[in-house]
């Protein structure tokens, strides 16, 4: 709460407010009364023990999970919208993009076509039938392909990529859509240090255009890129603040970081 | 009232027959994911087996022991269909795991072949099978309310098979292996499960159950090359309404279609009844897109 | 002693492994590192028999495995933790572990040390594997492989998605296990793996390009390979 | 090129020029696969038997008959395709075939537009008389109408109509309803079940509920087996509620099992037990050809008759030309196993005797009543006052 | 580059097939030509089915319904024309004495043709909208569609007075005033069908080449993910489902004119499955595959059943099994065999060469 006040004071406008959200599976409460808010151009990390509820809350933001209580309000161009009752594609159209924990790209079309679907902003049947990608969009797409190192493989099918390469492709697709809010679930899992650093760099770059929520267990990476960190534990928020302050919290060390 | 009770029993009895006919499919389709269009032909194989057993009894054994054919027929119809299923799995089905639609087409082809084979071997016309005499009577309760022993017997048989399958699948190591293989073949193999053997065995069990059902069907219906086609759609509906992959679902599906169908038929006609119950199936799926007892799982939502 | 000699592997028409030689004796943690797409996963899948190996030898304690079916290799004592977890989503946690136990012809009870290492598995024993969180699934996958008591444990990026405190725990467990079995581990998390490994192979483009004890490896070259 | 084909086509299948060789092609078109194969394969067998006998006896016009067999596959469009193939490609002199009215209706335009000839061996609902078809089975007044009269006199006035859901039963029952009205009978139930329906418990409950004097059964195929097995299971016997079936002959009876059918009634023109010298010969020949196990029945016999009738007409015409054969056919008599049958030159149906029979313990059928002699065919039921309005075709 | 080349190969194949079809009346007897007219109708259905199955991953086991609706609409017109102002024969013996109101407008050919297209599309939109927004997928959708086929068949048979029951509608005399049995009429209908087939083929080519085609494939590969990427997948599915119904409806209308009969036996469960088989045998996920499949399977079925009237089921059954098992991509995938062999050879060469040279290479960089 204090955090929130602080940010309000500094005049940072939030893009997303999670208000008293609870999520239940049967009689198991995976998320209990969680509130937080993500500011514009902020990179927020959600960290916390396995099973704390990080993926669950990302699922809720992008419409994959039903929220049993509370609101998730997105402050976009079209005003404030509660996304808890919206369909996935509509949420996506608001400008919320999502990368999943397990890499998932479309296997039946080439890497190039995967990117093409992602980069297009108009999603109606009419536009996918009659409109071609603008030159600027194509260039942007080429740029991303280069950046994620898949330019040479662009006419191949994603099935021939290794795990790490698929992660990159998915991040690339996400970037291509230029969302206002990006949700990244373990984007650097299975990546080498070098790739991780490259990802960090990239995130800092796109942060200029959007806000990002990252779920990650790689603390080095978190330190490098996070503005603020929310620590989840058993479905509640244990702590929130900068990486430095959070790292000092004994509770966080006990349940999450360990002695290292 | 009497009519109502009679109708209720009719519904339950139709349900038990459906369940009996669908159990094998619940295994091969629900569990293994093979859209087995030849399921009906496994019913047929069981039915013809019962026919042959009966012929042999009449030809070689004294009339006094005729009724015992029933036990032999039940066992043999299971075995013959299971062996056939085993062979088919080894030759064909095993190349189709994970290719549901292809399995549909191939088994469709197999069903054509099996039907024609039945025609070549037994001729096109139906053949007659007599039920054992102790099943030919009915338990008269009151007035027109009487319960044929056949129906009661099939009900018991269906329940028995249901529990057998449940026990095998959820209470034994084999069953656990079967389920593991069906969910992730590579990983099951990497844990030392002989997936090939499990696949054949499971398909054989499913086919055997169909054969057994086919034997039971000889007491109440026709035995001919096209026997299977009469049941194939209904049995698929049964498995799907309840939720493929759930045994309880199949029980529900059989009850829904059996009791609902006979009720509709009672108040309208057989044709309209059929239309109405299928419409209900379509409607129900609107609310329960994966069947009533859909297996909910985080990992399954791609 | 586990050995790969001149192993080749193909995916359909693409050759992925070219002449891989590798040894992983009991009592030592052997690691295999390399960039994304180098062929590490393919190597482990080849060991397990999940990709085609047109040429080369795979042997465990002198017995050749490359002609055996997958399940037979598991029975001969390979425990496998695949990349991407591959738990059985509709089996309960308990059933998942029991499958592992039976792979090693173990019977009945799940040994306590599993639950001591991964307490969450005890708590969720009867939950469906597919409902677990990513990290929980990873823990389950490791538990499932370890519980079979294999002669060699092969792990593909076992720390992926696991919280830091549990990673330390996993490191400890693996170190303990090496007295009982050979361990071959594929990792991107270099700090972790170089810390626990006794011997290290570096792979690039489907070939082993260096090997040695972690301290002895040419650090510049290693860094260059990993970061290219 | 195209005009070439055109002339080719207008020549059609009459094909008297075609059989300048020493054989005459004749078509046989029945379902050898699919649901109707149950009934139709045996008719095909009978037709082949007749052809064989004729060939042994020297053929027709001194030429051997060469059967071309096609499978209608229980599908109307396939029947039509095969009919075209037989007429246009094989240029057969005539075709023996079909069972269901649907298949006959499907091929009718083909036979008419190509001036082909079809010999149809099965009893049917009437209301049709194409000059390209000879109807060897019973018209309604040779089966349904007398059967209802018989039941009315011997069993009572309350009738329950049960049939398969397709054209023959529905149309037959609309005739029965008119007739019942005329006779002062009461239709207490009317049910149709889809082809291949397997459970009759609900309908049997309805029958038990309304207690008719008899059930008039127009079920076809598999359904009969289910119905009669379950009828008996419900504790119903012919003594309690009699049934009369018009689509169960000896072959179907064998498939149902005598124990379930014993005592039930059927109506046909012929039974295997029919006592004529011709029938003795026919039954013997059929069994010799296809096995002791096999039985003969009405459609089988009609199929057999059809071949002989056509052969006689051709002999009389001295050619296989369709128009001339049709011309010659009127009045031709044939000593058939069922008794003497005569072609009615006007509507191309047969004069036939009518017989009510009862299924016995062996699954064979014993005659319990019959007309004195052949009955004149009346496909449009024009001689019955009550049947007015059933048809607008005259 | 590679994709360009692939497209070219199939284009040539398509062109060859269409040219062969166009030339058919010049080298085949008339009734065979009519048969191919029928097969082309089937090819149109197969093409539409491929759009929903091969591309979008929706397996419909009920497309006989849409085919039937198109066919029945057209057949009602033909039947009225044949009746020449009288009540169609089946109605009178089924107890009707007046033409049902629903039949009346079908006396107008334009209305009938419009309905042959509109009714299937409308039904597909309704069914599609409900099922796809309610997320009925995979085999559940397949079985649902099978239930539809069953319902359709049963209703058609059960309402004999309105539909002709199991006989269906047949015995047509004229179409648009022309003798329906006249060779000229038949030839015209043949070429109209071919033209429609080519046009629809081009339409599908256009769609699959555009981004919309990629979206369909994306839906097939991961519907949820396509949704997260911002695509309203239900809309796309309704669209493509309606498109396939549209094509089936047109095929139905063309079919009735040429074959001269439509009956419940042509629209039920069994024919619906057969339609799927044409697509699979030809090769789903390609456009020329299903066309080829429909033509080939039906020619083969005809030939086999003519030559082996009692044994043809064996041939067809074995064919399905063999093709699906050994050519999962359908007969169209035969064209990939040379490439596969080349790749195998390349692999083999690489294997042997690297086996020889790479060993010293490796020891050279070994560093300890």
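Going in written order, the chains are labelled A, B, C, D and E, and every chain counts its residues from 1.
Throughout what follows, a contact is a pair of C-beta atoms (placed from the backbone, for glycine too) under 8 Å apart; a residue touches a chain by one contact, two chains touch by 3 or more.
All values derive from a computational prediction rather than experimental measurement.
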Practice problem: Average the CA atoms of each chain to get its centre, and name the chain whose centre is farthest from that of chain A. | Solution: D
Quiz item: Hey, which chain ends up farthest from chain E, C-alpha centres compared?
Solution: C
Quiz prompt | For chain B paired with chain C, centre-to-centre distance based on mean C-alpha positions, whole Å | solution = 43
Exercise. Find the geometric centre of each of chain A and chain D from their Cα atoms only, then give the gap between the two centres in Å, rounded to an integer.
Key: 74
Quiz item: Quick one: chain A and chain B, Cα centre-to-centre, how many Å?
Solution: 48
Quiz item: Between chain A and chain C, what is the gap in Å from one C-alpha centre to the other?
Solution: 29
Quiz prompt | Residues of chain B whose C-beta touches two or more other chains | solution = 115-116, 119, 269, 271, 274, 301-302
Quiz item: So which bits of chain D are touching at least two other chains?
Solution: 32-33, 165, 192, 194
Quiz item: Which residues belonging to chain C are in contact with no fewer than two other chains?
Solution: 131
Self-check item: For the chain D and chain B complex, residues of the former touching the latter
Solution: 32-35, 37-42, 165, 191-194, 196-199, 201-203, 205-206, 208-209, 221-226, 229-230, 232-235, 251-252, 254-259, 363
Exercise. Spell out the part of chain C that touches chain E in their complex, as residue ranges.
Key: 6, 8, 10, 13, 15, 18-19, 21, 54-55, 207-212, 216-218, 221
Quiz item: In their shared complex, at which residues does chain A touch chain E?
Solution: 62, 64, 87-90, 92-93, 97-98, 100, 104-110, 113-114, 116-118, 120, 123-125, 128-131, 133, 155, 173, 177
Self-check item: Residue ranges of chain E in contact with chain C within the complex
Solution: 340, 343-344, 346-347, 350-351, 354-355, 358-359, 362, 365-368
Exercise. Flag every residue of chain C that touches chain A in the complex, lowest number first.
Key: 11, 14, 35-38, 41, 83-84, 120, 131-136, 138-139, 157, 160-169, 188, 190, 226-228
